[in-house]
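I've put the structures underneath this note.
Each of the two complexes below includes chain A, the first together with chain B, the second together with chain C.
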Partner chain A sequence: MERMLAKEQIGDWIRTLRGWEVFGPVLQDGVWSYQPADTVQLDHPNTAQPPKGFAFPQREVFFTFEQIKGEPPRLTPVAPKGGQQVVFGVRPCDARGLPRMDRVFTETFDDVYYRTRRGSLAYVGLACNQPPSPHCFCKSVGGSPVSTEGLDVLMTDLGDRYLVAAVTATGEKLMQAAGDLLTEPTGVDRSEAGRLRLAAITHPQRAVNDVASVPPRLKKGFDSSLWEDLARPCISCGICTFLCPTCHCFDINDETNGSTPLKGSRVRTWDSCQFPDFTMHSSGHNPRETLGSRLRQRVCHKFQYFHENFGMFQCVGCGRCVAGCPVGIDIIAVVNQVAASAGEG
Partner chain B sequence: MINPQDLCTRARDLLASGEVRAVVGYRRGSRGMAAEPVVITKPEEAASLVWDPSCVHNLALYLVADRKRLAHLHQTPGKPIAIVAKGCDARALVVLMQENYFKREEVYILGVSCESTGVWDDQKLMQRLGCDSQSLTGGRFDGDDFVVTTATGEQRISAPECMADRCLECRHPFPTMNNVVLGEEKARTLAAPFAALSRFEEATGTQPARWAFWQRQFERCIRCFACRSVCPMCYCEECIVDSITFTVALDTTAAEKANRVRWIQRSATRSENIGYHMTRALHLAGRCIDCGECERVCPVHIPLRLLNNKLEKESREKFGYEPGVSIEIASLVSSFRDDDPNDFIR
Partner chain C sequence: MEESKMGDNIYLPQLARVIHIKEEVPGERSIKTFRVEFLNGGGFDHECGQCAMLSVFGRGESMISIASSPLDKEFKQFSIMRAGRVTTAFHDLEVGDVIGIRGPYGNGFPVDDWRGKNLVFIGGGCGLAPIWPVIQTAVKRRDDFKHITVFYGGRTARDIMYRAELEKLRSTAEVCLSVDKAEEGWEGFCGFVPANLMEKAPSSDNAIAITCGPPVMIKFVINNLRNLGFQDDHIYTTIENKMKCALGKCGRCNVGKDYVCVKGPVYSWADLKELPPEY
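For the complex of A and B:
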């Protein structure tokens, strides 16, 4: 289903979405983030963080506990609210993060918290007529500026109007709610959209070289000395992983908030393979003690291990880790260098 | 004005003569023309060193990392390590030496004067040029200006338009502590000390408004810890926010491990975030030399400089103390003076 929507009517469409909590990109204090919105103006670059947190929030409470002295501990499960949420303005790369997260949290293991949030989440995407970041490389990893993977609806900006295309049944429902606001596209609309899409996909991007050969080459390069060399400036912060649309490592802790009686909650929070205590064993031993071993974990997880397990790259090419690294560690350059060196001899 | 070639020559000679075991400096990265930190150990690598307005990083951090790595391997440092240091970087080294993190002779300071400018602020520059970082192919200092190269050719920009706030407010752009220094010491006043802080305090006015502002800032902290990780002063082996540092011995029980004290939970909630940032700010009081790296690296643009500046201002006004000026004087928190300007201590 393809329809047209006048730009000034996007708020009207949003108001027809009863029962949905609507989010859109908002600029506050110099930072783009997805916030609850009555209307949206889709002129945003990449948001600082991807919309990953809608399905996989940085903090998830599993249950609360309470123990009164002399009595057995009482556990109270906490379930996600599960209300329907729709996010407007999702970039195609970020949307491709979602099916990758699904592999981890619904296929190999059924994570009820993720599944509940994911099941009531819809993405209304915006095609990237212009690359929103100089470090975009979606085309290298199987995506495109007009990709629909992971989206329910894809909108294309035609200047004063959007071409709105349903991708899933949920997307069609969202569009049906709009009623007469959405109109049949004309031949001019379609050809204009076609022209913009062609321009979008032919826009030059930075590139991972010969990406098909990357997984086996990284495997071969596991013991390469390049890992330590390239990671040498790394400061072990979590920017690259916390801004990533697909990183999903987590930590689970009990957070107490009272001692008489003892009470608190068991909480899952994001973790980062770049933190020095990532995978540190209870004994004090850490199998990923060095900067190089942690960089290798991040890069190979995305470009080798995930590919071996699920037949797809775990990187969607949004470029946030490249743009955000305080010291210039650039996943495109890292993959290209390690793969090239493993290809020699 | 500094000829970057002189820096390469100095670094090469230091490595060739064996006077130092490594040089920490800047080289061109893969993101446009932006410099990135590098540690070189061979004379032939010295040609890759650069010095330009994109050399924003405080490299003192890498000396701390080097020291930690050697300690971990139970190795002694041996020969000194050389570091390319701007005024702010050299002040960081002063503080580290005051705190006995290194001895003076363990560090060879290859000073670079920022002269009448400083480094640029990437965002200000991109806004000014209306292009992205990947399209910026060249940039250099030229007197009071930056000369940049983009697709449309070379252009000259008055440096203060695009300089980082911390550089505009910098009072010591010349690395006074050095083994050798390139460039001259030039007097300048581009912005009043604490200008950004004053603007903020005026804009927010009342204490409740200020508190509301900070709550909003800390609310969005994602606890990536980049501000701590990039700070040369945050060298603690034990940080209150980590679980790594809980001492584990053979006889440590599971209960002890599970019940370790967690001053600040891992949840990125407002209260925990405030606990983290306030602790960090207070631990930097009288130590922060305003390199501004914490603010530069923050992925959600929390204006962390304001916090550190506030404490720096307090330390100056209450104790007449300015951090990073000389290794001959004791650090603020480890000193007592009879002529302390405060009367509460007598």
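For the complex of A and C:
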């Protein structure tokens, strides 16, 4: 289903979405983030953080416990807040993070917290007529500025109006709610959209070289001295993983707020493979002790291990980790250098 | 969402009561064995080598290998060295206290494939616990296996766990104990576990070797086993890494593409040597 929407009517469409909590990109103190919105103005480059927190919040209580010593505790699971959420303005790269997280959270062992949030979440995407960042490289990792993977609706900006295309059944429902606000596209609309799409797809981007050869080359390059060389400036701040639309590593801890009886909650929080104690055993032994071994883990997880397990890269090419790194570690350059060195001989 | 839909919750532990605590090893490397019984009709079956996520509420969770035999259905047993926050909380428990337990996790040793074989066990430190269910199963099904040898070492005689059980084992298996350095009253081997293995040099003929211990010990043991002629797919070990979820999601126990909590902890050397040495 493809329809047209006048730009000034996007707020009218949002008001038709009864029962949905609507979020859109908002600029506040110089930072773009997704906020609850009555209307949206989709002139953002990309948000500082990806929208992964809607399905996988940074902090989440699994259950609360209350226990008197020597007695069984009372465990009370904390269900995710109900209600459907729709996020406007999601960039195609970020949307592709969602099906990758689905693989992790719903296969093998089904995570009810993730599945519940994910099941009531819809993404209305915005195609990138221009790359929103100089570090965009979505095309290198199987994506595109007009990719629909992970989206429910894709909108294309035609200047004073949007071409609105449904991707999923949920997307169709969202569009049906708009009623007469959405109109049939004309031939001019379609050809203009086609021209913009072609321009977007052919726009030059930074690139991971010969990406199909990367997984076996990284495997071969495991012992490369480049890892330590390239990781030397790293300060283990973890911003690369914090900003990543696909990074899903987490910690689980007990937080207490009373001792007699014991009261508290078991809490999941985002964690980072870039932190030195992430893999440290209680004995002090650490399988990934060095900066290089931790950079290698981040890069190989995305470009080798995940590919070996799921047949897809766990990187969507948003470029946030490149732009956000305080010491200039650049995942594109790292992959290219290690892969090139492993290709020799 | 109603709470009823949260029924199938992989993070919610079952409850179990501590019914027996035994101090195996005193001092700074203290090891205690905890026997627990499920409450509320709960429970699960496990295979030799599988693990469980144990919690002391308010302190957190820790992945611990199940040290009791799968043939013991009434209880589960865990031998825990006091090392970090959660294991220290375990050492502070008393009989009657209630803990959380979820599992079983990971794979097990392919014990049924080893019928008719000689079994050589090599353990060090608290690394005897993960292979103890295999030893017990082999003893209980004694006719299924040929010669059984158990190598085990501690830093000192005080660090030897399962001391009484090991002495009892001598009636059905060859038991070769060691301590790192000579000490008064010690009549067994003096030196590291890999050296004791070379000294006794068990035959690799029709034999399976099963080893667990500190990472550095495992490394030397595997090297020595290969020198003794053991084939890579006849050497088994069980590895540990830091874990939080035990469900292949939290991202810290991976060795290359494998999450140890799901694909491991049991590996043949033939499989393990293909993975990066991040354990």
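Operating definition for what follows: the second predicted complex is superposed on the first by the 341 of 345 C-alpha atoms of A that agree within 3 Å, B and C clash if a C-alpha of one lies under 4 Å from a C-alpha of the other, contacts with A are read in each partner's own complex, and residues count from 1 in each chain.
Here, contacts are C-beta pairs under 8 Å (C-beta built on N, C-alpha and C of every residue); 3 or more make two chains touch, one makes a residue touch a chain.
Computed from a predicted model, the values in this text were never measured in an experiment.
Visitor: So, on chain A, is it clash or fit between chain B and chain C?
Guide: Partners clash after overlay.
Visitor: When the two structures are overlaid on chain A, which partner does A:P80 contact: first (chain B), second (chain C), both, or neither?
Guide: After superposition on chain A, A:P80 lies in contact with chain C alone.
Visitor: With the two structures laid over each other on chain A, which partner does A:F65 touch: chain B (first), chain C (second), both, or neither?
Guide: Second partner only, chain C.
Visitor: Can A:P134 be said to touch chain B (first), chain C (second), both, or neither?
Guide: first
Visitor: Could you look at A:T269 and tell me whether it touches chain B, chain C, both or neither (first, second, both, neither)?
Guide: Once the two structures are laid over each other on A, A:T269 reaches chain B alone.
Visitor: May I ask you to decide whether A:C237 touches chain B, chain C, both, or neither, giving the answer as first, second, both or neither?
Guide: first
Visitor: Which partner does A:A48 reach: the first (chain B), the second (chain C), both, or neither?
Guide: After superposing on A, A:A48 lies in contact with chain B but is clear of chain C.
Visitor: With the two structures laid over each other on chain A, which partner does A:R294 touch: chain B (first), chain C (second), both, or neither?
Guide: neither
Visitor: For A:V327 in the superposed arrangement: first (chain B), second (chain C), both or neither?
Guide: first
Visitor: Is A:G30 contacted by the first partner chain B, the second partner chain C, both or neither?
Guide: First partner only.
Visitor: Hey, what residues of chain A end up touching chain B and chain C alike?
Guide: 251, 253-254, 280, 282-283
Visitor: Residue numbers of chain A touching chain B in their complex, please.
Guide: Those residues of chain A that touch chain B are 29-31, 33, 48-49, 58-59, 133-135, 206, 232-233, 235-239, 242-243, 251, 253-255, 267, 269-270, 272, 275-277, 280, 282-284, 322-324, 326-328, 330, 332-333.
Visitor: Applying the document's contact rule, which stretches of chain C touch chain A when the two form their complex?
Guide: 1-3, 5-6, 8-13, 15, 17, 39-40, 55, 57-61, 83-85, 87, 94, 96-98, 100, 214-215, 240-242, 244-245, 247-257, 262, 276, 278-279
Visitor: Tell me, which parts of chain B touch chain A in their complex?
Guide: 29-32, 34-39, 57, 61-62, 132-135, 216-217, 220, 222-226, 228-230, 242-244, 248, 254, 257-258, 262, 265-269, 293, 296-297, 299-301
Visitor: Give every residue of chain A touching chain C within the complex, in rising order.
Guide: Touching chain C: residues 62-63, 65, 67, 69-73, 75, 77, 79-80, 82, 104-105, 108-113, 116, 222, 248-254, 256, 262, 264, 266, 268, 271, 273, 278-283, 285, 287-288, 293, 297, 300-301, 304-306, 308-309 of chain A.
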